[in-house]
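After this come two complexes, each holding chain A, first together with chain B and then together with chain C.
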Partner chain A sequence: MATQNRAAVDPKLLEILVCPLTKGPLRYDEAKQELISQKAGLAYPIRDGIPIMLVDEARELNPDETPSTASG
Partner chain B sequence: MTDRRRLYQRIAPFYDILDFAGEALNQRRVRPQIFDGLSGCVLDAGVGTGRNIPFYPSTASIVGSDLSNAMLRRAIRRRQRLGAPLSIVASNICQSPFPDNSFDAAVATFLFCVLDDADQLPALRELARICRTGGEIRLLDYVLPEHARHRRSAYLMAPLLRFLFGASVERNTEQYVTAAGLTVVERRLVAGDYCRLLVLRHA
Partner chain C sequence: MADRIEVFDRRLLRQRRERAVATLAAHDFLFAEVATRLVDRLADIRRDFSTALDLGCHTGFIAKAAEGLPAGKIGTLFQADLSPRMAAAARSNADIPTLAADEEYLPFRDAGLDLILSCASLHFVNDLPGALIQIQRALKPDGVFLAALFGGATLTELRQAWLAAETSLEGGAGPRVAPFADLSDAAGLLQRAGFAMPVADSDTITVTYDNPLKLMSDLRGMGETNVLIERRRTPTRRATLTAVAEHYMAQFGGDDGRAPATFQILYLTGWAPAEGQPQALKPGSATSRLADIFDTPEQSAGEKAGPR
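Coming up: the complex of A and B.
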C-alpha cells in the first residue's frame, strides 16, 4: 500500500528537510513512506509524494521504534 | 492555524475559480515582477495551487511550501503541465522544516494577508532564519488602498475576502519587520494601490 507513491518523493527535499520541531536530521523510511525525527519521536508521513512536515499530522514513534543510539 | 489549514483543504478544488477575478484583474500582471532577478535556491512560501509556477526564473530552483496538501496536489498537477523545477512540501511557515540559511531568497505571494496577526512575527522570523544573509525576502500582499474610492470598495469586499480566503487587507506585517531582525529595502505599490510589494533583508 504505502509503496505506491515511492517514486514520487523528491530527492532534493530528502536532502534539505529537517524536523520542523527540533531542526534535527530526518531518516527516510522508504517502506513506510515516512520521515523519522528520532529526536522529536515523530514520524512525518509522505502522502501522494508530498512530505507532510506538520507536527499535528505526525505519528508518535513507539518506544520499540527508537534505536538504542539516540543520535538523531 | 488549524482553522486556516481546514479552510484551504476545503476550498482547494475551487480555489482557482474563486480567485479568478483577483488573478485576472491584478495578480497576473504583478506575479512576474516578484521573481525578477532571483537565482539559486528560492522558497515560494504559500505556493498554494502553484499560481506562480509560470513565472519562476530559469536560473532558480524552487521549493514550494504550503499548509494545505490539498492545495499542493493541484500545484503538482500544474507543475506537471508546465514542467517547472519545483519541489513541493507541506509545512507551516511559522515552524518550517528547513535548516538555517538554506535559501538564497524567499518569496511569499498573498501569504501574509492570510496569516493571522499573531502569526505575522513568527512567520517573518522563520523566513529570516532560513534565508541566507544578504538574500532577499519578497512579500506581495493585498493592502488597504490609499485612494478613498478604492478604500471604500476594499471595505465592501473585505467580508467576502475574509469568508473565502481568510484574507485581510489590514495586516500590519511591516510593524514586525524590525523585531524579526529584518529591514525594508523596498516598499512599492503595484496593481494600482491594491497590492504592495515589500522587499526585506537582514538588518
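Coming up: the complex of A and C.
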C-alpha cells in the first residue's frame, strides 16, 4: 500500500460514481484517464487521480467513439 | 432546466474557490471550527459508517476533524469540492479519494453511501431542495445526512452596514450578502427531500475583528465573497467602503473598539428512509394518560386530537 500510485483513481470511488447529467453508468478508460458517459456523450477527465465530474470540464465524444457493446 | 431560478453565480463561486486555495490557510478558522462541531455531532450518532462523503470539502476540514473519531467510525471517507484546485489541495492534505463535483449535479449512484457530511458549502446552492433530494437518493437506506451551513442571521451587521452606506451615499442599495436559509425552513426542506426524522437546529458564532475591513478581507480569503447574480457589477468606491466601516462601527462596534460579526450555523440531520425506523405515532393513539403517570388531575386543553 505504501507504494500505491498517488495518481491512480481509487476503485472504491469509481464504484459509486455516475454521470452527473444523466445519472447513467460510466465507463473507465484507463489509458485516456477518462470516465465516459455514453448516454450524455461526454468524457469526464481524471487529473492526478481526481475525477473531475463537472459538465463544463467534460470533453464531448466524437461520433466515431461509439461503445463496443451497446449499453448505457 | 430552462426555468430554473438562479440566485448564485456558480461559475463565479468556482473561480472564488479556485483563487481561495492560496489564501484559505490564513483564513480558515471558521471552517475548521464548524467542521469540529459537525464531527462532534457525528460522534453522538451511535453507529459506524463504512462509506462517507464530505460534500464541499474545501481543503479537507472534515477529514482533519474526523482524525479524532474512534477507529472504525468512518471506514472510507471520500471528499468532493466544486473547485478542482480545491479538491487537489484537499487530496494533498489527506491522501484520501477525492473528486470535483457540483452540489447541484451530484455524480453519485443511488444508495451508494452510508453517510454524507457537508461543512459550510450548501449555502451557495441555487436549488437547495433539489440538492437535498439528490443527497437523499445517494444514501443507502438508513444512511445519514449531516450538514452545517450558514443561516439567515449570518453577517447581519455587514448586511445592515452596506444597506445604510449605499442608501445614504449612492441613493440605492444592491444585494451584498446572500439570502441564507432560515432555521424555520430547514427541517421542512429535509422533509420535502424525503428524509426521515429530520432535525434542524442552530448555533451562533460571533467573531470579533479589528475592523470591518478585516472581516471583508477574511471573507475574500475564504472564497466567500458575493456571488449573487444580481450583485452590482461596478467596482465599489473607496468612499462607500469607508462609509460601510463607519456605519458598522457606529451600530455594532464593541466597547473594545472591535467589530463583531455574527455567523449563524444551521445543522441539518436526516436519515434516508428505511424499514424499521422509529415512526411518529398518530395523534390520539396513546393507550395511557399522562395525567395517570404524573398522578395529577387532567386539565383539558381544549379540543381532543382525533384520528385524521
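Just so it is clear, the second predicted complex is superposed on the first by the 62 of 72 C-alpha atoms of A that agree within 3 Å, B and C clash if a C-alpha of one lies under 4 Å from a C-alpha of the other, contacts with A are read in each partner's own complex, and residues count from 1 in each chain.
The rule is short, and it goes like this: a residue touches a chain if its C-beta (ideal position, glycine included) is under 8 Å from a C-beta of that chain, and two chains touch if they have at least 3 such contacts.
Everything quoted here is computed from the prediction, not taken from an experiment.
*Asks:* With the two structures laid over each other on chain A, which partner does A:16 touch: chain B (first), chain C (second), both, or neither?
*Replies:* After superposing on A, A:16 lies in contact with both chain B and chain C.
*Asks:* Name the contact category of A:31: first (chain B only), second (chain C only), both, or neither.
*Replies:* After superposing on A, A:31 lies clear of both chain B and chain C.
*Asks:* Give me the intersection of chain A's contacts with chain B and its contacts with chain C, in residue numbers.
*Replies:* In the superposed arrangement, which is not itself an observed complex, chain A uses residues 10, 12-13, 16-21, 23, 44, 47-57 for both chain B and chain C.
*Asks:* Using the touch definition from the top, list the residues of chain A that touch chain B in their complex.
*Replies:* 10, 12-13, 16-21, 23, 44, 47-57
*Asks:* Using the touch definition from the top, list the residues of chain B that touch chain A in their complex.
*Replies:* Those residues of chain B that touch chain A are 2, 5, 61, 63, 67, 69, 72-73, 76, 87-92, 95-100, 102.
*Asks:* In the complex formed with chain A, which residues of chain C make contact?
*Replies:* It is residues 11, 51, 76, 78, 82, 84, 87-88, 91, 95, 97-102, 105-110, 112-113, 138 of chain C that touch chain A.
*Asks:* What does chain A use to touch chain C in their complex?
*Replies:* By the definition above, chain A touches chain C via 6, 9-10, 12-13, 15-21, 23, 44, 47-57.
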